[in-house]
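Chain nomenclature is as follows: A, B and C, assigned in order of appearance, with residue numbering initiated at 1 for each chain independently.
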Amino acid sequence: MNLYHIDYLAVSGTSGLHRTPAGVKLCVLAGVIAVLLTWRTVPVAFSTLGALWLLAAFEDLPLRTLLALVSYPLVFLAVLLISVQHLTVAGALPLVLRVLALTSAVVLLLLTTTYPAIFSALGRVLPSGLVTALFFTYRALFILSGSLDNARTALHLRAGLSWRHPAATLRNLGTALAHVLVEAIELSQRMAENLTVRGFDNRIYTLERRP
Amino acid sequence: MSHIHLPDGVLPLWLWAGGYLVAALLLALAWRWGRRETDAKRFALLGIFAAMMLLVMSIEIPPYHANLSVVTGIILGPALAVLAAWIVNVFLSFMGHGGVTVAGLNTLVIAIEMLSGYAVFHLLRRVRVPLAVAGFLAVIIGLGLGTGASYGIIVAGAPTINASLRAPETTHEHEPGPLTDAAQGGHLDLHRLAILMFGFGAIGWILEGIISAAILVALNRVYPDLVIRAETARIPES
Amino acid sequence: MTADDIIVEIHCLEHTYTGGVRVDLCGTDFRVTRGQRVAVLGPNGSGKSTLLKHILGILQPTKGKVVVFGEDPARHYNHVRQKIGAVMQNADEQLIGPTVFDDIAFAPLNFGFSREETRTRVEEMLHALDIGHLRERLPHYLSGGEKRKVALAGALVFGPELLILDEPLEGVDYTSRQEITAFLHKLHADTGMTMISTMHDMDLVCDLADEGYIMQSGGRIDLHGRIVDLFFHHDLAQYNLAPPPLAQLVTRLNAHGLHLPLTLDVEVLAEVLGRR
């Protein structure tokens, strides 16, 4: 899954962008989005896109990952464009460039900022309960991925997923997912126990470090 | 593909900002409504089920990807489900899979799937419809309504999308006389879009319905309490 | 010994899980006094973790009585929670904070310690367990041994009087294991902290405990005594337990008339044998 790769890049990177505080990057991102949505012209989109990619190249970010991530929303834009009658290049170009620029801005943030840093920065504007839930989900993604991998392995070893036997495939998939669900429920129970023992008070604090 | 993977920069401001507003109201309601449960348990369930939804979305049998929204809605109950929908969308945005601006709208779409799926399942079980059938129908109706909501959002945004397809540079030049459609850059064919979304969507709903029914049946066998608890809208206790 | 010195007392406890599994922890009374190091031993599924969860107030007894620091933990865990630190069987699931530093700071901040004091205490723990280099790491990029150390730091940082360890060294490599045992040893020597632990590795029992309770499969607490006595005077095979090789060797050699002291300390034994 993309998430693990993004997480790793964000955690292990050492570029100047990585070292910029998350709050600053989020504000810049908001600014870039505002600019792109206010001046919906080709030159604005094009120059923003160019600036972002130059920045990425200058900071030595993995360009291939950047391109892969940026192309994902383009697929969905394509679905929309298929439904357009009399589509012209001149008509599609501003839309495509704007989407590319906006996505690049978001992806640049993701590749250089750890999720905990993003969430703590968001914590200054969002209610603490929601931010706490985000932190939990982030932890759970890594704790749960193991049991999902097990389910996948079991599927491949025992039954496999193949469209030649669609009914059996779907049923096997359902059964495997049911196991993952059971595990998720039990895990949530243990996690709640751990939280209680550690005095959980409805929020996760992040401490500023001493200079 | 019931939820819209619309990128940023396509929909008009009033639409996505409105989406955020309505989603925020819904979240605030869900938050207060779910207060019955002890908080540690609530947070743990929320985090883990949101994570599970995200992980399951990564299981792909191309071009289809699984999506446990309705099953999650059935197990978590309405209050937690809405919160889980929001978390899932925040993560999708921050993985580059969904736009940042449309996260509010997408939360509403997934919440509609979960809530309607939950309600349908609940009603059908009350009139003793078999578990598998109730699960299947809940998914079909839930995802159908979700797709309907997505379609509605695009229809609402269509004028703006059409406007951006007419490259603004040409309109600023005050050319005399009406422009031909082609010169204007074309417009969204809502009919074609509907066929795409609902036609292909229906295949996905059926796959999802079968998988979800299998999940509920297996869950009921391994862990009989769960589905029963889900039916009484409570959360598993330790 | 005053009543204050009794830290945990469990009498004829019975627990039925929601699925219907019944764990019967009756038999010998379970009692831990201040400064003791106690091991709970028994086969898989005998109810060791269940027992610990009752002490932590996570589970409500179906029958019987649990008293911890004079309170019923299932009802008033809030009154005693600052006196108890715990490392659960799966340390991974216990790490909650986004970074190691934040995770160790989790409990003290919840318990209302000031930010400044919390920072100082976290620094102390990082230093004591020699994990300062992990401070800004995210929990999922830690090794199993590192996770245990972080969980241990998180359990000790607020200065509890009782430490609960559910298989603290499972899946930990030799070096980390030595480090953690040495740390716990020193902790007990310095502070006299009361410790209750479970484990399957009999070699570790004598490092981490002075007394033991042995459970049957099904839960009954059958035996209680000093670890040395349990290993030398009881047949533990029926509990799926084998005494450590050293104990077996001493028993065999004594059967041959060697009259060795009943000890589990390699140094002591080596010295006695060397002198002969």
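Everything below uses one rule, namely that a contact is a pair of C-beta atoms (placed from the backbone, for glycine too) under 8 Å apart; a residue touches a chain by one contact, two chains touch by 3 or more.
Since the model is a prediction, treat every value here as computed from it, not as a measurement.
Put simply, the chain farthest from chain C by mean CA position is B. Measuring from the average of all protein CA coordinates, the nearest chain centre is that of A.
Mean C-alpha position of chain A lies 17 Å from that of chain B.
Each chain gets a centre from the mean of its Cα atoms; for chain A and chain C, those two points are 40 Å apart. Mean C-alpha positions place chain B and chain C at a centre distance of 46 Å. Contact of a single residue of chain B with at least two other chains is seen at positions 236, 238.
Along chain A, residues 115, 135-136, 138-139, 143, 187, 191, 193, 195-196, 200 each make contact with two or more other chains. Under the contact definition stated at the top, the residues of chain C that touch 2 or more other chains are 58.
For chain C in complex with chain A, the residues that touch the partner chain are 53, 56-58, 77, 81-82, 84, 86, 88, 90, 92-99, 101-102, 105-107, 109-111, 115, 118-119, 122, 138-141, 154. Remark: chain B residues 4-10, 13, 27, 31, 38-41, 43-52, 54-56, 58-59, 61, 66, 68, 71, 75, 83, 86-87, 90-91, 93-97, 99-101, 154, 161, 164-170, 181-182, 184-190, 192-193, 196, 207, 210-219, 222-223, 226, 236, 238 touch chain A in the complex. Taken together, the chain A residues at the contact with chain B in this complex read 1-3, 6, 29, 33, 36-37, 40-42, 69-70, 72-74, 76-77, 79-80, 82-88, 90-95, 98-99, 101-103, 106-107, 110, 115, 118, 127, 129-130, 132-141, 143-145, 148, 152, 161, 163, 167, 169-171, 173-175, 177-182, 184-185, 187-189, 191-193, 195-196, 200, 202. Contact residues of chain A toward chain C in the complex are 7, 11, 114-116, 119-120, 135-136, 138-139, 142-143, 187, 190-191, 193-201, 204-207, 209-210.
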